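Take a look at the structures listed below.
Both complexes below contain chain A, partnered by chain B and then by chain C.
The block that comes next holds the complex of A and B.
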């Protein structure tokens, strides 16, 4: 389906004003707006500016992860390891920064200065990304299996470091600053600003740089990309390193926000990041999708889950709602594209 | 497939024969290696067959009882992966089956009808997956991710708010027979659930070697286009395989729920990872087309022996790390083996 869509796009670029991608992004955005209005009718106090903002700001972590995951999906690869990396880098940053000589094993760390602790934690995150790249690019093992394995590996290391629970004592004062700092005299927190800047950079890379366009080429037709001299292996390696770097930063910010390194933090975040990318029209077969679409996918997911909570449905409903949302998104997008390119 | 590999064996040179032998039987060496390792590791504290050591008979029986769900799943999951498809929803399907089975039992339905209805639910779950993948042409990973969420959501909703699982209490009581399926020894000290797993595996080994389903599964995974062109109804094969996995997941759910005496909507979490791991350890190629049911069964024994046997040596929080590392190691070694083959 995606291949035909791409052919259709390239053949008709001069005739049509809007690309298939812009079309799908617009579709997703209008669904998000429609859903918001619909939810406002059902849920009391839903239609408020603060609520609209919260839908985005509460999900800064998943949206940030979604950027790396979307780029990889566009290149035709999965990254399910991001949730594990969030736990790993957070736990490592705590462990490295904790002072030596605590009362017990869990309150004793390496006593590094904070800047060095987070640098080393990012190194740990990048190591997992490098492992992903090694297995996917060099060994040619399907990315879904590799990244499921590294997800468990990363979380497993985090669990060993925290002995299955969490580390939150004996931390330096500056540890809690990054995650709770507000920016520009407003109530916008640093993590949210991080997400916004990351989004802008990602949109720029995707739209305006050779690197971004190559990602689409590789995903749309890997063989043609190789034949035309694109270093596919290097490209995918960079993408895995970027994705793990983003996940590492998210992990450090979350650890700082809660002032603790918790080995189960980020559980299922990899699936949410995948889900918002799919909701936003990123094609799993590669070569199709956009960061803006992913962003609106996140908004859709946020509306669906928070509206369910607002309607006092049991929180258990979120799983079924997620399933239905992804199902409908995939079916409609396939249908809409097929109709458009008929 | 078994026959063709026999023929190629006789026509190959000595070095290749050794490689082929290793490829076919390495899994048994790994199993023996793990067992030896786990029994030797504690020798300084306990005698070989003494209580506390790995080979203590009650310990072995206990491990086999706990393994029943994974052992039941391994075979059908292998066939599905041989045909080039995947099912990430098995864990949720297992949880949902466990909840359904426990609900039926606690509301007074006798053993056999409850069992049959749960298996029927498994057929339904398999059909949903098959429908999404084959008819709606949704990529298997996404389709089964959708049903993972769906089955889990239903399982959680079936359990009342405020309780974590379906169990005795609030005027309802689990019947006495409930945990005998997963715990009570029927033969050689092992319960029904384990023997059902063995029967399922034998049936699937036979199906793989002697029936058209096995051949069609291999053909579908090896080269889908060629399989279609030679008249195989690949859609039908794939739907059948999803139904088989659904039924196995239901049986696994029954075994788990009976063993724990409750219907826990989270009991199957992570089972999809264990199933993938087991199938990879069994040497199934992820590209499809190759793999043996029996080797995955042995792979499941290895994983269960390792994860439970390990508990006497290191704290429980090492489990995720070990399973993740094992998954990557199995994937890497599969890669090395298949690369050697294409090179020679």
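The block that comes next holds the complex of A and C.
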């Protein structure tokens, strides 16, 4: 059969060709590099190794949240609750760990040992994730509505526990360790290491595991996925639990870093996590995107924000700059993909 | 009833309403339409046939302004026609009835007919003579549709007629119909044909695209055959020497094939269904033997898809289903694990991951083979894709091609590949050749026969009599959700009897 011969030949050509995902990731990475060079021209002392590293390390929290959010987006679901979970788990970890018998209500906690306090705080985070899964999967309510609700619920509980303020007294000494300890005799802090390890695990899951591929199938066509025997209910439940677990850990690490539980911590982080995923080429309709792309999306957002600060622009301008970056990035991606696939 | 200036008397046979000359459309690496010239006479039904990938869709897209030709010219009513968007096409008098309908369910028939033509004063809609005209148009082509009915209450066939009426009342002199009967039952097809004939009598030209050749002989005045982007012939149908000549022109080889009884089929019952009942099905019981090809035949709405989905566990159903002695029917996952796979009715929305490549589509139904302790075996995926592209003769230059860019027949082969990779012993095929070209159809039938010869069982759910008579060993006849009769296929099978049963006639003399 002549057809067979043709296929055999062109296949070897095609394995060298990039996938659309790789193409978009490369595009986003190039934009990040280009923006960095451009900002270096405008902002004095911007072009420094330390500054480059800071762009990533300062954003460990949002990048970590972006991992769970990206996986859910690829599966065709939103998670707007992660910012609220950050506040909730942080506040809970403080409340559970605070000693009993403080001077007032805000300095009196449950007096649990620290390990138990953070385990219970993670339980609270997972409960929000389970609630997301319950409403999205069982009751088939659109995820954007469900997670908007749980976002407010989580932050609301944090607000009640802190009485709208913060808890930062009467804490055991080990409370401040996790968020501030450095790793392997370097200045790399544990939260940054956490983010890096999480990124590597996520990339492995996305590229190399059946679990990762299931996420794409479900996002690309949920009906066909069900008719192909995929248990999408179970899978999406796992994704919500993972996302809330990551958010819970981020909340605990942030509370530890600042030695306080603050109900407004993580405000708007859910939107930053969504924005970096979209900047990184994750499709809002699902079925397309990558964690590496999301990472470079975060770098782009960080460059825009810090360059603005470096140019002594008033912080009031940050949102407008972010908006411009988002529009430009998404228009560029749509245009580039359409051109490539014409 | 229409706005066009030509009265029927003037539209002599020599006045082409639409003419294309040296039309060519190039894509990178592919010439989709290659130097095509032909003309269409006014007031005729002009059929356009060709295998998938022959260039029909590209040609239609150029006629409707969705694509611009690389070179060549088009003429409508004698004047140059260069549409750059669908609005230009409407202005030029060319309307299109796509496979996906563009009616608004929540509006009434009348509101749909005047949609986009409303006149307003100070932001308020005003009634105009327009309404009277569209009502008359609708009445002329299909008096049974109430203009004040909400479109959501209409059947697919009626919605289609509403769209045709909208095209006709907007003054279109040419209406292009792309596979209009794909979702219709045979009785609805008859009604559509009556509508088309009435349109022709009022000097509207219909360009009719269909894979069903019998429709073309029933309906067409002239036919244009395309193959590999080239114009093969434009002929009066009265000059065409039967199906075989048409098929030969389309594919350059003869594929017409009748049912030939296969060797002795085992009487080992692999599937037993008893008393299947739900909102559509009424107490349906049957069995399928090992290595057998059975057909479920009946019009749309008779319960074919419901049976397929019930066996596969996709819908809840009362009654019992046993496969190889074990109960199934609770979930697709369970069905696949037991060895049942489904090729669903709508391949684009239910069968395929159109945004993913062939390689990524093939392995989805067999995760066990794909997984090495949870790690994805990319080599298995790659080899499976290459294997099935070769075995099923999927026309593609690469396994990394997105399935949305494949033709209908090749998309369907990818869905087959998914099921074959699942190692199923029972394949449920719901309308397996709908919208598939003749060549791919034959190949799909060969695949089905080979599977059955290897000892697999196949159930075909089809609304095409030709299909079930061509391939099935045993045929179950369905009408309104109940299994009315069972027919063993063979040389002396009684086609009129079958048609009688599935249209609600009495069962009598069941073989």
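Following the convention adopted for this analysis, the second predicted complex is superposed on the first by the 326 of 342 C-alpha atoms of A that agree within 3 Å, B and C clash if a C-alpha of one lies under 4 Å from a C-alpha of the other, contacts with A are read in each partner's own complex, and residues count from 1 in each chain.
Quick note on the criterion: contacts are C-beta pairs under 8 Å (C-beta built on N, C-alpha and C of every residue); 3 or more make two chains touch, one makes a residue touch a chain.
Note that the structure is predicted; figures quoted are calculated from it, not measured.
Visitor: A:51 contacts which: chain B (first), chain C (second), both, neither?
Guide: Neither partner.
Visitor: One more residue to check, A:169. First (chain B), second (chain C), both or neither?
Guide: In the superposition, A:169 touches no partner, neither chain B nor chain C.
Visitor: Looking at chain A, which partner touches more of its residues: chain C or chain B?
Guide: B
Visitor: Just chain B (first), just chain C (second), both, or neither: which does A:221 touch?
Guide: So A:221 only meets chain C here.
Visitor: Which holds for A:148: it touches chain B only (first), chain C only (second), both, or neither?
Guide: Touch partner of A:148: chain B, not chain C.
Visitor: Does the superposition put A:319 against chain B (first), chain C (second), both, or neither?
Guide: It touches chain B, and chain C stays clear.
Visitor: Do chain B and chain C touch any of the same residues on chain A, and if so, which?
Guide: On chain A, the residues that contact chain B in one structure and chain C in the other are 1.
Visitor: Quick one: in the complex, what on chain B touches chain A?
Guide: Counting only chain B, the residues touching chain A are 86, 132, 136-139, 141-142, 145-150, 152-154, 156-157, 161, 273, 276, 280, 286-287, 315-325, 327-328, 331-332, 334-335.
Visitor: For the complex, give me every residue of chain A touching chain B.
Guide: Of all residues in chain A, those touching chain B are 1, 78, 131, 135, 139-142, 144-146, 148-157, 159-160, 162-164, 263, 271, 274-275, 278, 284-285, 314, 316-324, 326-327, 330-331, 334.
Visitor: Along chain A, where are the residues that touch chain C in the complex?
Guide: Residues 1, 3-4, 6-8, 10-11, 13-15, 17, 19, 207-214, 216-217, 220-221, 223-231, 287-288, 341-342 of chain A touch chain C in their complex.
Visitor: Would you tell me which residues of chain C are touching chain A in their complex?
Guide: Per the stated touch rule, the residues are 28, 312, 314, 331-333, 335-337, 342, 344, 349-356, 360, 364-365, 367, 370-371, 374-376, 386, 389-390, 393, 395-400, 402, 418, 422.
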